[in-house]
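The following pair of complexes shares a single chain, chain A, combined with chain B in the former and chain C in the latter.
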Partner chain A sequence: MKDVAVQCDSLIKTYGGKRALNGFTLSLPANRVTAVLGPNGAGKSTFFRMLTGLTAPDSGSVRVLGHAPGWRTNRQIAYLPDRARWYGNQTVAEALDWGAKLLPGFDRPRAEQLLRYMDLELQMPAEGMSRGQEARLMLTLCIARDVPLLVLDEPFAGIDLISRERIVSALIDNMSDREQTVLISTHEIVETEGLFDYAVFLENGRVALAGETEELRRERGSLEMLYRKLFG
Partner chain B sequence: MKEELGGKLQFELDLSQPLYEQVWNHVRSSVAKGVIGLGEKMPSVRELAQMLQINPNTVMRAYQELERDGLTETRRGQGTFITSDPIKVATVRESLAQAAVEEFLARMDGLGFTVRDVMQMIRSKGGNGE
Partner chain C sequence: MQGSFGHLIKQDSLRTWWTGKGALRSPWFWFYTVFILLVVVGSVTVLSLSGYYEPLAPLFIAFGLPYMAFMIGYNLFFREWKNGTVSWWLTLPYPRYRLMTAKYLAALLQNLLIYMAILLATLLLAGYSMLLDDRYRLSDFGAALLKTVSWYGISLSIVPFMTVFGLLTAVVMSSRLKPLSPLFWIGFSITGNMATWMTAFYTDNTFWNQFGVTEPGGIVVPVWFQAAIVPVSLVLAALFLWLSARIVDRQLTM
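Here is the complex of A and B:
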């Protein structure tokens, strides 16, 4: 692998007797869009939290962008946590102000441009937004950052079809504009699989399979078929 | 004009096959059939990626293959154009036809027919073998 964005070796993480990660070893290519797939409880969110230093492994090592996770690497990561919400009392404009002040690499003009894709307006309050609108706002704050690594934990979960298509369009636009490593976990495989050039399948805290999506398609079929074969 | 071409390039992807090959083949056959004309401007990588909702790298890879075929040319600052050379289009058309014949013969072979049998069948369908 030419440039590696993420390197995990033999990670173990136990929560109350349950192994969330169990010998998790993975290398992810830089400047690619990687799907992180697997059933609930496979370790996707734990893996993402480890990249941002929110969770430390019991043993094993993590390198992200060439360093151990911490505040320095976090400046270079835009992370959308699972089930993320925004402050209800803020408008979209205030959220962008907040981003411009506090998020490293935040590109305000780009954020305003993204709002059009996302069909959001500056004066809209977060309170009273639908789940899809709020997801689009959270995503705008992530995508508007010019950082080398974008980590999105289930950005399509529980949102409507139109919101999902808008998000996919914004992501495609983003990929056209900049070199960035993107990791996305999702259960919406069929609807999003064209986005990915690399895929990782997780099961019981380990990597069951990882590879280039075009090679996987040629040798074994669609990501959805593979998912069913592995976990069905 | 561009939107019109965009419409012609819209097609259903099969997610169980490599996507760049499908984009590549779709453009090649559209040009061979004359659906896309000589010298026409291709959508940008971004536009086609948006249209098909796929990774821009996939479109880029298909465009590189098309350029290698001599079927498209990139003009600096202007974008990608279908070649205006009818000989290049004829060459691609020929190679697509060859591939179709090979595929057909392989299938007939799989069914146990010889080339001679196949020729006879084609004649009986009204082809004169010339």
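Here is the complex of A and C:
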């Protein structure tokens, strides 16, 4: 593997007696779009939270873009947290102000362009938005950042079909514009399979399988079939 | 980034009152405000005209304000968890101490504004009742003003500490140190009442005279104690703020 964006060695993380990560070892290539797949409780969100310094491993080591995760590395990471909500007291325009003031690399003109694409208006209040609208707003804030690493934890969870399609299109558009490492965890494998050029399958806090999607497909069929074989 | 710290404070300060689910946007808030105002002004009018109203009675409110300061600090942190925005906030590319300090200053600003509003309301009510009650002369308003400012000054002196104590309690509740939280709530009930302890210990046997406009005595807390409490409150606030940031950095259960 040429450039490595994320390197994890023997990570262990325990929550109340349950091991969320259990000897988790993984190298992820830079400037690729990686799917992080696995059933609920496989450790996907814990892994992502570790990359952003939200949680620390009990043992093992993590390197993100060559450094230990923390607030400094977060300058270079756009992160969409799992089950996150947006600030209900903000309008879309205020959310963009928030991004422009607080997030390094935030490209406001690009964000406004994305909003049109996501069918959102500047004066819309976040409070009262549908789940899909809120998800599109949060994704806009992430992909409008010109940073080397984009981490999206379940960006399609609980979102209607139209919103999902818009988000996937926006992601494809974004990837064609930039050299960026993108990590996406999702259960919507069928709809998103075309996005990925690298895939990691997690099970019980460990990496069950990882590789180039082209090779995986050639050897074992589609990612969905592979998922069913591994976890079905 | 330039202006980021100011934006963090702004995010949590007064605008939360009139945006989103902020209290000032609720028609019920205004209904109850008007209702309470009418009841208070009506009662004060009747009681003052019949000579039964003590103009400085609302000074009792000053006892409760440190509790309010604690809760404002507590809520500012806890709201991030309750509203599901904590991951956005904690992954901002700034040191945790900076994030916590911004929350603290926003809470302090809210407290100061509430203090000013209540102080003003107390004085207006005192002046109004003294106008109606022929036991008082204009010069008595000066005494009332002095007592009111002294009372609120004492209460306000512990606000820097109480605000951060609320913040720290919310942090502990969200961390692996949660089993310690009962101790913090016990601390809250004791320290919130500090204004009462301070005045009760140092007053003479006519404690309640402090609420009488024309009664002698007034605030009898020694000047040295009043002067010492502000730096002590500030030093403890800095220490607790540092502790909050450390816990957020290392002990959160996420």
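Keep in mind that, in the parts below, the second predicted complex is superposed on the first by the 232 of 232 C-alpha atoms of A that agree within 3 Å, B and C clash if a C-alpha of one lies under 4 Å from a C-alpha of the other, contacts with A are read in each partner's own complex, and residues count from 1 in each chain.
The rule is simple: a residue touches a chain if its C-beta (ideal position, glycine included) is under 8 Å from a C-beta of that chain, and two chains touch if they have at least 3 such contacts.
On a predicted model such as this, the values are computed, not experimentally measured, just so you know.
Chemist: Should the pairing of chain B and chain C on chain A count as a clash or a fit in the superposition?
Modeler: fit
Chemist: Put simply, what angle do chain B and chain C open at chain A, by C-alpha centres, to the nearest 10°?
Modeler: Given the fit on chain A C-alpha atoms, the answer is 160 degrees.
Chemist: After the superposition on A, what does A:L21 contact: first (chain B), second (chain C), both or neither?
Modeler: neither
Chemist: Examine A:L120 and indicate which partner it touches, taking first as chain B and second as chain C; both and neither are also allowed.
Modeler: A:L120 sits against neither chain B nor chain C.
Chemist: For A:W98, select first, second, both or neither according to whether it touches chain B, chain C, the two together, or no partner.
Modeler: A:W98 contacts chain C only, not chain B.
Chemist: Is A:L65 touching the first partner chain B, the second partner chain C, both, or neither of them?
Modeler: So A:L65 meets neither chain B nor chain C here.
Chemist: Now for A:A56: first (chain B), second (chain C), both, or neither, which partner does it touch?
Modeler: In the superposition, A:A56 contacts chain C only.
Chemist: State whether chain B or chain C is in contact with more residues of chain A in the superposed arrangement.
Modeler: Answer, by number of touched residues of chain A: C.
Chemist: Should A:M129 be classified as contacting the first partner (chain B), the second (chain C), both, or neither?
Modeler: Touch partners of A:M129: none, neither chain B nor chain C.
Chemist: Is A:V207 contacted by the first partner chain B, the second partner chain C, both or neither?
Modeler: So A:V207 meets neither chain B nor chain C here.
Chemist: In the superposed model, how near does chain B get to chain C, counting Cα atoms only, in Å?
Modeler: 28
Chemist: Enumerate the residues of chain A that count as touching chain B in its complex and touching chain C in the other.
Modeler: none
Chemist: Spell out the part of chain A that touches chain B in their complex, as residue ranges.
Modeler: 32-33, 165, 168-169, 172-173, 175-176, 190, 193-197, 214, 217-218, 221-225
Chemist: Using the touch definition up top, name the residues of chain B that touch chain A in the complex.
Modeler: Within the complex, chain B touches chain A at residues 13, 15-20, 45-46, 49-50, 52-58.
Chemist: Within the complex, which stretch of chain A touches chain C?
Modeler: Contact set of chain A toward chain C: 15, 49, 52-56, 71-72, 74-75, 77, 79, 81-90, 97-98, 101-104, 125-127.
Chemist: Can you check the complex and tell me which residues of chain C touch chain A?
Modeler: Counting only chain C, the residues touching chain A are 1, 3-4, 7-8, 11, 15-16, 19-22, 83-85, 87-88, 90-96, 250, 252-254.
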